[in-house]
């Protein structure tokens, strides 16, 4: 069954178009999705997933599952950057260690959305509050990462941007505002709003996601070259840490009795790494860190790993534990 | 009932996303819909509303309502810039008075489209010829405004662009061509065309409008700062004049027995002000006028007022008079 | 019946919006679809047509029709550039003759897609493998054209880019990768994938095509001015050669018993000329050729001719021969 | 290398069309960068206005001194009306 | 014609905001080109990162020598932090 | 401030890739502006062709005179083939 799940996932349109993007780069095709369309498509995905999640929440209401899931999300987004920071510090300087740690403490919205699409295809339910969990996990890791860097770097205290500046930036970043805003509006407009926007937010959703993953494939493949500089240690890090975080997620969810769908999404949040919000914040807050390391690692290693193999494997493990 | 209508409108997805855009600017988020996507979305809205209006017309045929509505539209688009010009000239120089007058004589397509969506949500019918009324009202005010400026400014006659140049530009502006063109094509292709394009022009329409209003909220909020320079007089102008024009619209429609749906749309055309076509034409034809006044006034005062409060209030009044 | 087919086609939304675009340019309107949206829309069309074709193929399986159609496609994409090259060489230098020959040996994806939409509107079936035929015909003409130029130009052999470079570029161009990739993914995901993406790839397809043809009309009309320089010979060439190639297509399809739908698509491939892939490749490989000739010829003469008159006429002839 | 005059113009997108027309009339080559933002005497051109009327364009021209002399007066007049900036510098053209 | 100093700055989009703020404070006009790519000491800025943090901005300023002198020190400090390039040339402003 | 050579190149988007490759080989930093339109000896590059083959790119390089000397010959050869413009000016680099 394990293998079948992986094969099914490999054979799904989003993953196949991701491969197509990678292949296009490898055969040196001039295929590209011109800017700023990828940015627009990702805004659309956040809009749709947030709005649908909110509508979902307006039906189900808040249960005590919510508290557990949001609590877990928040705790992990603080723990992950701390433990990875100390691992990374053994091989890298403080700036790069903090930057990568922040990246892995945060999440990848597209990986999450792909997992949602994976669940929907299999008719598995999940709670609308998981969208809130995703939004909640975007930013804390940025703050934790920057605090770690400031504590361990020599001239950590003569930084111009106070920690409060970083706080504000982390909380007002565009994707967080988009997800949370859409979620709240989805709650407020409920079934009526959901029905009115359904053709836009639901019907064409999978198509847009598929098209977007083509661009992600192009992006990821272009970044792979940069990985040579990163070396074996970092490349291994980009696969081992997600697996490790996923195992934590799977076990904790099992112990707390989190339902199948929610468990997969939480696990994917733990296992994924940010390649938009965090890198952008770090680029400004920690110019000493090398974007040639933290961007390709999450984009060209962890993202493809999760989307291609991670999601079906995590799902298999969750079900295997449950049975 | 009044309050309920307003609350309903406040709780509709397009208005809520408009608020989200404004909030994003206020909390200094970096959320943005990258150019040229807003322009593309507005082209889509004109395309869809024009085409649907045309298809509608091809069913209903031309009734004598058409003559009344188009006549009213044309008359108001000439009267409004004239009377507002003389009010504005008391406080502003001729150039700015003319520029703002032109802005208020013309219309806002997005306000109109939001009103259409308001009617559709409530199952209220309106005539497809109202789209033609909208197209008809876009341009005349530009010409009236420029003529007023040339008549009252000292060196009015050494202008290089003759009035005929302004005429031509006013009539060939992109949004007029897009609406009228789509309307005519909608008439020509009738039910068959309508059916074929329905998923694109109708089903996803509300979603695109909602997404677009997010960007309008971002835009409007960014412009609000500029209003401080405009002062209280102009800010008050931006609310009082639309209300006054709306009252004229409501009364005239009542007297002439214009039907509920058409009456709302006509009132909204009277009450709304242009923030794309007219400002663009004025920027070129009257470089002496300050775009820091005429753009924010229509975009950051009148547009939000109409979309948030105006539409439901006007609709309430129309129904109240009718009953 | 001939005339009725033409009139029906003239009255279809895509063709009418194509006219609207042309009219907008003629009346000097500032209407435009801002870059890079046209490029995005054309990517969408290739994605959708490729994917749908693949899904179609996964149902029908490979029949011996496939071999005939793909064979014909390949043969014509080699023959056309050769014979047109020798005609063109009588009036033009080797570089321009080769460039235009390559353009006419290749195909126009949008013409093909418009023909698909024409068939769909009439409920006529066609084979999914025709998408493969289209992809197959994109590139060979580039290679043939460049080889012809190198053979007949004096300093043909001191070119830096070897023929192998041209080969590689021709085969990896973005649109070929997009169509073939989507086709293969469509085959792999079959009915299930088709269902999941239907709202995106099928339902809104005609609307997007219609919108895109508006931009094609704008483009074509802007290019028409350049035709004056091209002169009568080339303008006539741009209509006579497509008709001649179409006649070949119609006769060969009749002789080989190719079915109605496939025959139209094959004829349209023969008759159409490239205005994206080939011009781009030629611009780089043969800088001596004048893009002011080969672009407007295919874009402003052959493309409109095929879309407006060609498709219905070819379809009429195919049916007339068959009856 | 050849000595040339380099002209850089920034002005509103719509207004710039007259300038390119002037250059066309004198058969002078040029380069255009679109979607340019800026702040000048007439306030912000921030591209936010949903219309290119609220954007600038940047024009770059390399020409001989005679060509410059021919267009300098009409150019000055156009810019007096449209506003914007025009800088002239000496440069060397890498012959090819 | 009037002699002016022409300043050209290329730096990260996010960082450039402080520089335009500095120019605003000194009431100096400027021109902005967005979506600029490049390669420098801190690697590629290729716009591929789905965020403007990974793009540069190009700023063009024509000002008097006094204005330049007023901003040169804060500018230097900002660029020391943000990286990027700043070129100064002499130019002539076509008066209008 | 340090004296540098400023090189400005405008050529077709596709052709410009060879030039950035040349700069990479010599470890010279550069700035790229995409979507540049223009008119030159080989006609219009108006970006209308649905493909970047019909657009220009603008490259800006600040480098030392030695670096310039190293690349000037291959650059000249490339431009001879691809067409376009290459201007060289003296500039001062604001050290940071």
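Going by the order they are written in, the chains are A, B, C, D, E and F; count residues from 1 in each one.
As a convention for this text, a residue touches a chain if its C-beta (ideal position, glycine included) is under 8 Å from a C-beta of that chain, and two chains touch if they have at least 3 such contacts.
Quantities reported herein were computed from a predicted structural model and do not represent experimental measurements.
Q: If you take the chains that touch chain E and keep only those that also touch chain F, what is left?
A: Expected: D.
Q: Chains shared as neighbours by chain C and chain F?
A: Looking at chain F and chain C together, no chain touches each of them.
Q: Going only between touching chains, how few steps reach chain F from chain B?
A: 2
Q: For copies chain D and chain E, work out whether under half or over half of the interface numbers are shared, and give different or same accordingly.
A: Different: fewer than half of the residue numbers at the chain D-chain E interface appear in both copies.
Q: Pick out whichever of the two, B-C or A-E, is joined by more C-beta pairs in contact.
A: B-C
Q: Between chain D and chain F, what is the separation of their C-alpha centroids in Å?
A: 19
Q: With chain centres taken as the means of their Cα atoms, state the distance from chain B to chain D in Å.
A: Here the centre of chain D sits 34 Å away from the centre of chain B.
Q: Go ahead and note the Å separation of the Cα centroids belonging to chain C and chain E.
A: From the centre of chain C to the centre of chain E is 46 Å.
Q: Report, in whole Å, the distance between the mean C-alpha point of chain A and the mean C-alpha point of chain C.
A: One centre to the other, that is 41 Å.
Q: Where does chain D touch two or more other chains at once, residue-wise?
A: Residues 33, 35, 89.
Q: Specify, in ascending order, the residues of chain B that touch 2 or more different other chains.
A: Residues 35, 37, 39, 199, 203-204 of chain B each touch two or more of the other chains.
Q: Looking at the whole structure, which two-chain pairs count as touching?
A: Final set of chain pairs in contact is A-B, A-C, A-E, B-C, B-D, C-F, D-E, D-F, E-F.
Q: Could you pull out which chain B residues touch chain C in their complex?
A: Chain B reaches chain C through residues 35-37, 39-40, 43-44, 47, 51, 168, 172-174, 177-178, 181-182, 185, 188-189, 193, 196-197, 199-201, 203-204.
Q: In the complex, go through chain B and note every residue touching chain D.
A: Going by the criterion above, the answer is residues 35, 38-39, 42, 160, 219, 222-223, 275-277, 279-281, 283-284, 287, 290-292, 295.
Q: What residues on chain C touch chain B, complex-wise?
A: Chain C reaches chain B through residues 11-13, 16-17, 20, 23-24, 27-35, 37, 121, 199, 203-204, 206-208, 210-211, 214.
Q: Which residues, counting only chain D, touch chain F once they are in their complex?
A: 1, 4, 6, 23-24, 29-35, 60, 62, 89-96
Q: Which residues of chain F touch chain C in their complex?
A: Checking each residue of chain F against chain C gives 12, 14-15, 35, 42-44, 47-54, 81-83.
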